[in-house]
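Here it is, the structure, as structure tokens.
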Amino acid sequence: MADPRDSLFEAPPMADQERMIEAILFATADPMTLAQLAGRMPHGCDPATALAYVRKRYEGRGVTLMRIGEAWAFRTAPDLGYLMQHEVVETRKLSRAAIETLAIIAYHQPATRAEIEEIRGVSVSRGTLDQLIELDWIRLGRRRMSPGRPVTFIVTSHFLDHFGLETARDLPGLKELRAAGLLENRPPPGTEEPDADDSQDDLFEE
Amino acid sequence: MADPRDSLFEAPPMADQERMIEAILFATADPMTLAQLAGRMPHGCDPATALAYVRKRYEGRGVTLMRIGEAWAFRTAPDLGYLMQHEVVETRKLSRAAIETLAIIAYHQPATRAEIEEIRGVSVSRGTLDQLIELDWIRLGRRRMSPGRPVTFIVTSHFLDHFGLETARDLPGLKELRAAGLLENRPPPGTEEPDADDSQDDLFEE
Amino acid sequence: MAQEPFDLGEASVAERVAAEALIVDVGAFEGPLDLLLTLSRTQKVDLRQVSILALARQYLAFVEQARSLRLELAADYLVMAAWLAFLKSRLLLPPDPTDDGPSGEELAAHLAFQLERLEAMRTVAARLMGRDQLRRDFFPRGITEDVARVRRVTYTASLLDLMQGYARIRTRDDFRPFVMDRENLMTMEEALDRLREMIGFAGDWTDIASYLPMDWQEDPVRRRTATAATFAASLELAKEGRIDIRQGDTFAPIHIRKRTPRDG
């Protein structure tokens, strides 16, 4: 069949675009961004609108369209997980240190190693961070514009995918923590006020 | 959540059974038979009926429920198969060897490989000629009536198209090249300036 | 909380149990802050209302007991103990107006903040891990289809590239114009024509040099090209089965003769 890119200058009807979204997203296990979808669909398509229709269509179904960061993927409805015992992939149990470190990065991102250590009150082992990076749950962010230009860590879209989060703003209890001032970078009394404008604000507030 | 198999003696509503079919067939790595589906679903379910409903629901969608032998699986609608191809177009600049070979053929056609090598002063790889033939910029001309009856190469009409020439005679001559500042060195003294058209006549006057 | 020095021989069962519990406990804590957080829970109040003074006393007593049991405490536990002792004195003594450092209350408030923050992080970490997780509670597509990546490479060149390419060749230092210098160049075709005519008369081995035309024998340049062309022509004739070629030794003269039918 001829490539529609060559022959069509008008976009296909929205119903067809919906079908394309279904086909493309059913074919992959990885979330796809709008740009990736647009790249696969014929010229003139509007994947954002088509996605909205598809999402509506699958609401309440056995598989649903989920937004993961900037990307989209079909996932089975969580309430049907019990049917999928065979597909469960046993994961190594994470240490308490790893879980807490992950949570600190998620809620404080971008977070430096020193900040993680300050919050937990103990040093963070290299292995803990390595393990989280290997799981593709955290990655390096921008360097902090402070003395020593330390590296920061942020969570990945894979992390969002794993925990079924649309964005990092949907982390459980995030609003309450912020309201309680517990996500502020509060330096110990008597120390210099650090440059705060580089902290997590940019990630959570658009 | 409790396993419904333990608690339910009445089958779940058909709508729920449909959702289960969707989720299972979406997530499993292999097509599933009715027996396998029944084994995964709570007691009292009727996978055959549920499957029929699901099949109807996906009729004409981007993915459809297909029967594969005795088993069932979601598959991309056949008419959307072209979406499963991602064409990446890469534009590369022609190598210097290819450009020079092409230029010699254009200015001296018909040219044998030995002639190209004599002019370039280095041997011409088979790959370079193949590449130019594949690009449809050169093709084989008549065999030269000389010992070994070597093949000759000439440029194609596709070549003329690409370079915006009506005939190969439109190629600027050496005088024009010099006027354009492209020929900076004068030829070694004692050599006559050849008229580039000379060697092309026999081809273009046919 | 003061205790008698620990002695294996005379220690009561209760003392030994207490000592073992402490060992276990120290190992179970992830540092002084974790220990403080655990101790603060015994106050059974909201972390915001926790008495830092009482907490400091508890911690110091804990460290004292560990020392009395001769347990090895990591350095950071002792650093924290020293800091809490300092904080305790600040909280108990009236503020010194000449000291412009942070007040005891400020330091205590920060410690309370740290404890509350750690507690909060633990709570949300548990909530995070309690969420539905991919491949445990919800699942991605099981049968994925490979997307064929069709790579199409297109090559481009402009007319300018072409002209520059040609100009580059034509301006090369060692450039010799093609099919030009005919006067001093004998082509193989010429030699071949000549040889074909002459070979019919040569039944015996003859030096190939004798086939060179007279006017190509003097000038070294002309002799060289004529020799090469004639030799190449002789190879061509040998290939056609018209002549035989022989050379007695390296650099010895090359002889050719007409091949007779019986040889073939």
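Order of writing sets the labels: A, B and C. Residues in every chain begin at 1.
Note that a residue touches a chain if its C-beta (ideal position, glycine included) is under 8 Å from a C-beta of that chain, and two chains touch if they have at least 3 such contacts.
Everything numeric in this text was worked out from a predicted model, so none of it was measured.
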item: Distance-maximising chain from subunit C - centres being C-alpha averages; value: B
item: Nearest-to-centre chain - CA centroid comparison; value: C
item: Geometric centre distance via CA averages, subunit C-subunit A, whole Å; value: 26
item: Centre distance in Å when subunit B and subunit C are each reduced to the mean of their C-alpha atoms; value: 30
item: Rounded Å distance between subunit A and subunit B, as computed from the means of their C-alpha atoms; value: 35
item: Per-residue multi-chain contacts in subunit C, two or more chains; value: 139-142, 145, 147
item: Sites on subunit B at which at least two other chains make contact; value: 23, 26-29, 74, 76, 84, 86-87
item: Subunit B-facing residues of subunit A, complex; value: 1, 3-4, 18-24, 26-27, 39-41, 60-63, 74, 76-77, 79-84, 86-87
item: Subunit B residues touching subunit C - in the complex, by the definition given at the top; value: 23, 26-31, 73-74, 76, 84-94, 96, 98-100, 102-104, 106-108, 115, 118-121, 131, 135, 146-147, 163-165, 171-172, 174, 177, 180, 182-185, 187-188, 191-192, 194, 199
item: Subunit C - residues contacting subunit B, complex; value: 139-143, 145-159, 161-181, 188-189, 192, 236
item: Subunit C - residues contacting subunit A, complex; value: 30-34, 76, 101-103, 106-107, 109-110, 113-114, 116-118, 120-125, 127-129, 131-142, 144-145, 147
